[in-house]
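Chain IDs A, B, C, D and E follow the sequence of writing; residue 1 opens each chain.
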Amino acid sequence: MDAIILQILNGLDKGSAYALIALGLTLIFGTLGVVNFAHGALFMIGAFCAVTLSRLLSLSHEVAIPGQVDFLGNPATRDVPYVYDIFGEAAGAAIIDWSVPLAILLAIPVMIAVGVIMERGLIKHFYKRPHADQILVTFGLAIVLQEIIKYYYGANPIPAPAPQAFVGSFDFGALIGFEPGTIIYPYWRLVYFAFAVVIIGAVFAFLQFTTFGMVVRAGMADRETVGLLGINIDKRFTIMFGLAAAVAGLAGVMYAPITSPNYHMGMDFLVLSFVVVVVGGMGSLPGAVLAGFLLGILESFASMREVLEIVPGLNQIIIYLVAIVILLTRPRGLMGRKGVMED
Amino acid sequence: MFGLDKKDGSLLLIVTALVIFAPFLLNPFPEGSALAQFNAGYPDLMQRFVIFGIFAIGFNILFGLTGYLSFGHAAFLGVGSYAAMWMFKLFGMNVLPALALSMIMSALFAVVIGYVSLRRSGIYFSILTLAFAMMSYALAYSVLATDMDGPTQQGLLQKGLTGGETGLQLTLQDPRILGAQTTADGNIPVPTLFGLEMRSATELVLGDWVFTFSAGYYFSAVVMLIAFYLSIRIFRSPFGMVLRSIKSNQQRLTYTGMNPRPYMLAAFVISGMYAGLAGGLMAAMDPLAGPERMFWTASGEVVLMTILGGVGTLIGPVLGAGAIKYMENIISKINSDILHSWFAFLPDGLEDFIVAIIYPFIGKGWHLTLGIIFMLVVIFLPGGLVQGGQKLAALFRRKKQEDTKSATTEPAE
Amino acid sequence: MGLLEVKDVNKRFGGLQALGNVNLSVAEQTVHAIIGPNGAGKSTLLNCLVGKLIPDTGSVMFDGQSVLGRTPFEINQMGISRVFQTPEIFGDLTVMENMLIPCFAKRDGSFALHGIRSVVSEGELRDQAEQMLEDVNMLDKRNMHSASMSRGDKRRLEMAMCLVQNPKLLLLDEPTAGMARADTNNTIDLLKEIKEKRNITIAIIEHDMHVVFSLAERITVLAQGTPLVEDTPENIKGHPKVKEAYLGEAA
Amino acid sequence: MNVRPDFSKNRNMAETAPAFLSVWDMHSYYGESYIVQGISFNVHEGEILALLGRNGAGKTTTLRSIARMDDPQVNHGEIWLDHQPLHKMTSYEASTAGLGLVPEDRRIIPGLTVEENLQLAQIAPPIGWSIERLYDLFPRLGERRKQEGVTLSGGEQQMLSIARALARDVKVLLLDEPYEGLAPVIVDEIEKTLRHIKEQGMTTILVEQNAIRALQLADRAIILDTGSIVFDGSAEEVLENDSLRAEYLAI
Amino acid sequence: AGHEGFTNAPTGSTVTLGFNVPQSGPYADEGADELRAYELAVEHLNGEGDGGMLNTFSSKALQGNGILGKKVEYVTGDTQTKSDAARASAKSMIEKDGAIMITGGSSSGVAVAVQALCQEAGVIFMAGLTHSNDTTGKDKKANGFRHFFNSYMSGAALAPVLAANYGTDRKAYHLTADYNWGYTTEEAVRSSTEAMGWETVGTVLTPLTQTDFSSYITPVLQSDADVLVLNHYGGNMVNSLTNAVQFGLRDRQVNGKNFEIVVPLYSRLMAKGAGANVKGIFGSTNWHWSLQDEGSKAFVQSFGTKYGFPPSQAAHTCYVQALLYADAVERAGSFAPCAVVEALEGFEFDGMGNGPTLYRAEDHQCFKDVLVVKGKENPSSEFDLLEIVEVTPVEQVTYEPDHPQFAGGALGSCNNGA
């Protein structure tokens, strides 16, 4: 029983990550109809916003340590971050410690800018082009973004830990009467979950309670006619792109403490997020979110030892298996709209 | 010629000529010169060009004609490779039966996957094929890789059906019931065509130039030419036309009395067999089959090759395949040392500067160059490399026309 | 008994009764027009005949066989071709290719794998197709990319595609809408001629009364999903209810 | 016949007032194909202009050019609407400037209900008729307001397309075959409406295959043939000139 | 003269080596470090630089004048850590550039694939970083050699240290990467710890592509395991260890004991990726720059001087392999693969950082001391993340050639190629 509760928690958490990434993707892919292979790269850039901020904050100057030598026998030095000099050691350390949450503030403008530039400079010219062209151009862009990050940050994962305050776990089990220490959950993951819920809610609200969503949907179905009705659809597409990039980036920032960012993390998530979006149903935001949680939970269950003993390797294929089953039983995924990318 | 019209006939002739003379054409620079780095006329790469050419031609029959974008085509490539390897392991090293089994197995897979996936269209189809390929990958990578003989046995299935991450390899213990288990000097035999070793090659030295003619390459090239010829025929056939009408308006087609499903399935299976053939050839040229051949990136690669070359054109996919494989194998091998030697004639400071500028794009930066080229091509050549060629030809023609025009009008003035 | 027998067909869309107890009999080798106000259910009725929609209840018999439960391509192979209200053609193909597809369907049935044979060598079918294009005055456009034709031309092309199949029953959903007057008249003549020559039965939906009255031998007036009257053109013209609800000043 | 309008800023506007919409030497292309080949004409405020011609003459292309759609490209020429240079605008700017187009293929937006299709037209100013008033004009739409627009019957879609144009406060209404697919009574109804809004000063360009009907409504007529104007004059003139009608309109 | 009858026999005044390392993909940084080591080795072989380990190497055959008097040149390629790409790249070095020896790599799959290729083509393969038993077990090849240690050795070296630190009454839970290296490592660690009295209470295979291990780690909480063994490498290890620490495993008490985590194969680059999470965690490594023998010091000195930071174990093994190859050619007096094989088989040497070492003839595996390390509590720099806990003597990690973990496969005979 407690094992199941734990896996549901895990699944919710994994699912919130999937849902959040898929949410950004579905804004562009499901709603604007652009096959955006650069979406993973946006997620990755978000994560590197966290890395970059923590690097910036830790920028330091060398201070010699008297009486010690380094591995080559030269006098040893110690790095002292500038923030220590500015804010004093305790405050400086706290600032560095909080660099991941602070990076959200950095990521929002950066990601919006990246998204807008990307859309204005490149994607804009591809709305009317075949999907094949969109694939090639966004894939090319993804590679370029990825290689730029690799050039500056290397290929190795770079740790970006959560603030000390979030280290440790919350004991759910004790709360609901299980043995303490059996159903625990790390604080940061709870934060991630809550964050995902907030972002998802905000995006929903924006698209649901404004005409923006309807206009963009209409624009995707028929740009020409929407233009005929006096609506500057280009502008709205740009906003949508910026929004999607910001969502992807924020997902990345918050994910950095969970897995150390590396330059190819975007590609690792890319295919999965396409699967999530499509299983959710093209053009459906709730679908994408639902599929994210569903796949996350199922994946968690499939990775239980008890399950693997019965069906070895199920954890490797579960997502794809579920995807196939869902797509065969429901023609347009969980809640897809008719006519979106069906040809 | 061969039932082709003039245009297609000359295209086939040109491709044949290019393929026959590839060892020369791809080795334009003398051995030892600074630019020799750009030579691509060595057997392995030439084989890759034609093999991936086959893969892309087959993919284009499905994608180019019907517009159905399969994102799991690499599964058939992998199946073809594994099938060929098992043929080598069990029966012997002749490549023809191996290729036959590759095509049969990939066709069977394609029938099953196609039958299921073709129930959906558009992106839903793409994701279904992707899911099947990724499942095949995962199974080949781990589940089918576990010891099936038990840990102490030293049998055939010691590393499972697929050999897992390491890949399926030939071993000295393979039965090879129709051929030699080992060669005279105690090694594993190599793939042959009735005794002609695929890896055998002769070299032609002409001054500073060294040209290699490899049996494996010419064998693959002949297979590719046949495959290419068949694809032209398919493109020009009623079948090809129906496939294009599916892409254009599937609804209308059903009201016109045709059942799109079997057409689609036929296209899917044919294209899967092309992929299987390519996979079998890969194993025949280099006897090892690994699961990464089925990973989504491998499927993505053939998509990119086709788009880069020009979707729906006959020769485009082959060009795209060549371009990507060239980048992967040639650009990735240029290291800073070589760069320095190229620009050694420049003053030191300038040399370092230029090297520093180029360096990010070569060697380990080859991906960056690839990405940039993808973007440049789609932006400036919406029809892929083929369109680039056409533009060039048109420019040439126009210039010629202008030349003749000015030549004739000038005296009058 | 007619070639086409529609009995007690009902079709609902949610709360809307699009067709209510429709009975219709189209005799062989006649032109039967179906007219009625917008949204009366005319197109819906045709959709039920070609397998695009399945009626909730009722039966549709064609040539003694039921069409219900059959797929659109099977129905077409039985000998029913349809022209749609908005032109449905193969936009990526040339006009000639558009014509050849129905020819293949007619000759080869719903599936035949001619993967190696060349389209160019299909002389007989090409002749047929060209003849048909000639008949609709479009031969000069045969190599045109069909998507880039004007709408009237698309209409004519679609009709040619249906006619070249030589169907037993031809269903036309406003075939002359948007067609220039001259072409409308040509079309009327063509349909008359073809009907005689090839023994084709035609069911036509039109709002253009000129076309209806020139062609139709019988007219069914549909209103709100139910047949109001069925009669000869002369009687329909004078029918007061029809006049009021549908024809207006045109009568 | 036509004088190039001069709308330069320092001129007195009154001087040029008569031409409300003015097209000057317009050349339009679909990619490489040269369709509209240098046409010029003026439309005066409150006038109904019939734009006639055979299938493929370039009527739709002309309207789309004026509405500043991406396709066709207008490579040369000027278009002025009430002193605003339309030729420098994109389609949404043109729409904001007071241009309304009812496209020939209706262009109902998939995925949106009838009401949403109408609401969409009222997002960007200027806003015209209220939705309720439009429902009064086309009660059918009111009944179907929650239905997805593309599932409407052909005629209902046409009504929606017209209603959508009226939902915006347009100065010039471009109608591309608005009667297509409509029952005769509805056509009468729309004609009445057009007369009515003309009285309120609406300027209209009407493309219609039913030339007689169009000419009876219109003040002036322009006949297009292969992308050029072959006649520009009063509507009565065309009605009276048999040879003209025979040559270009085949009626 | 005399150099003919084998693949790519060098004819001019130079000889070309092929360095086939991952330059893209997750191991690109490791590959870059390998490449640095190779460049350094070439320098030293050609008599440039300070000579590095040439000065401490027990064999004195190398003169610093290239190999057999031929200047050493090299070509590089990208394995992408994919067998296909690695083989393509190796083939191009052999077919196009005339490389006579291929070396490098950062994973066992690639090592096995390229080794088989070299066997077939008739060139020598000097494996880079490959730790799976199979490289010199099931998949061994006559033309292939491995200096790096393997899973068995890790297990054998770790077990006593674990027993000494954590006691012999422990319950271990294994998370194992679902591929070949994972299997052999799990098997090795299991059998050696079980021999110490530990009990294995669970083993779960995790997909290689996994990035979030939470659903694998939480079941550990519910088992009665008190040790978690992470048979993961690279990004897998970084992520699984990070996740394990996040879930508070290290602060747990089970059966009255502190919960412990073990990482059988450590690398400095991975330790860096995992950040503070590695502190106090045991693992094994082939070599570490803080070793104080003469050979290691000389290597660290020349590498550090050239590049400004200390070398990784991958760099070390690659450097040593290059030197060992050159030395074998020099001693054999020929580049012919079979002659080189003969010179390397049973070769004993010292001064290369791991004490006296044997290249065993039966399986072409090096036998040498193995290091057990622990994540350092107070690292002084980003390179100083591991501290050596014990240098396990070679006897303790030596096994019979027909040990069950290595059974199957055969070397075959050496191949000189064309």
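Everything that follows uses one rule, which is that a contact is a pair of C-beta atoms (placed from the backbone, for glycine too) under 8 Å apart; a residue touches a chain by one contact, two chains touch by 3 or more.
All values derive from a computational prediction rather than experimental measurement.
Which chains are shared contacts of chain C and chain E?
Intersection of chain C and chain E contact lists gives B.
Give the label of the chain whose average Cα location is farthest from that of chain B.
Most distant chain from chain B: D.
In terms of CA centroid distance, which chain is the most far removed from chain C?
Result for max centroid distance from chain C is chain E.
Applying the document's contact definition, name the chain pair with more C-beta pairs in contact, A-D or C-D.
Per the contact counts, C-D leads.
Can you check how far apart chain B and chain E are, centre to centre, with Cα atoms defining each centre and the answer in Å?
34
Indicate the whole-number Å distance between the mean C-alpha point of chain A and the mean C-alpha point of chain E.
From the centre of chain A to the centre of chain E is 34 Å.
Distance from the CA centroid of chain A to that of chain C, rounded to the nearest Å?
So the centre of chain A lies 53 Å away from the centre of chain C.
Can you list every residue of chain C that touches 2 or more other chains, as numbers and ranges?
none
Of all the residues in chain B, which ones touch at least 2 other chains?
138, 141-142, 367
State which pairs of chains touch, listing all of them.
All touching pairs, sorted by chain label, are A-B, A-D, A-E, B-C, B-E, C-D.
Mind pulling up the chain A residues that touch chain D in the complex?
Residues 128, 211, 214-215, 217-218, 221-222, 224-233, 283, 337-340.
For the complex, which residues does chain B have touching chain C?
3-5, 230, 233-234, 236-242, 244-245, 247-249, 251-259, 262-263, 266, 270
Can you list the chain D residues touching chain C in their complex?
Per the touch definition, chain D meets chain C at residues 30, 33, 54-57, 60, 104-105, 140, 144, 151-156, 158-159, 177, 180-188, 209-211, 249-251.
Any idea which chain D residues touch chain A in the complex?
67, 69-70, 90-92, 95-96, 101, 103, 107, 109-112, 116, 119-121, 123-125, 164, 168
Mind listing the chain C positions that touch chain B in their complex?
Residues 50, 52, 71-73, 76-77, 81-82, 84, 88-93, 97, 100-102, 104-106, 108-122, 161, 165 of chain C touch chain B in their complex.
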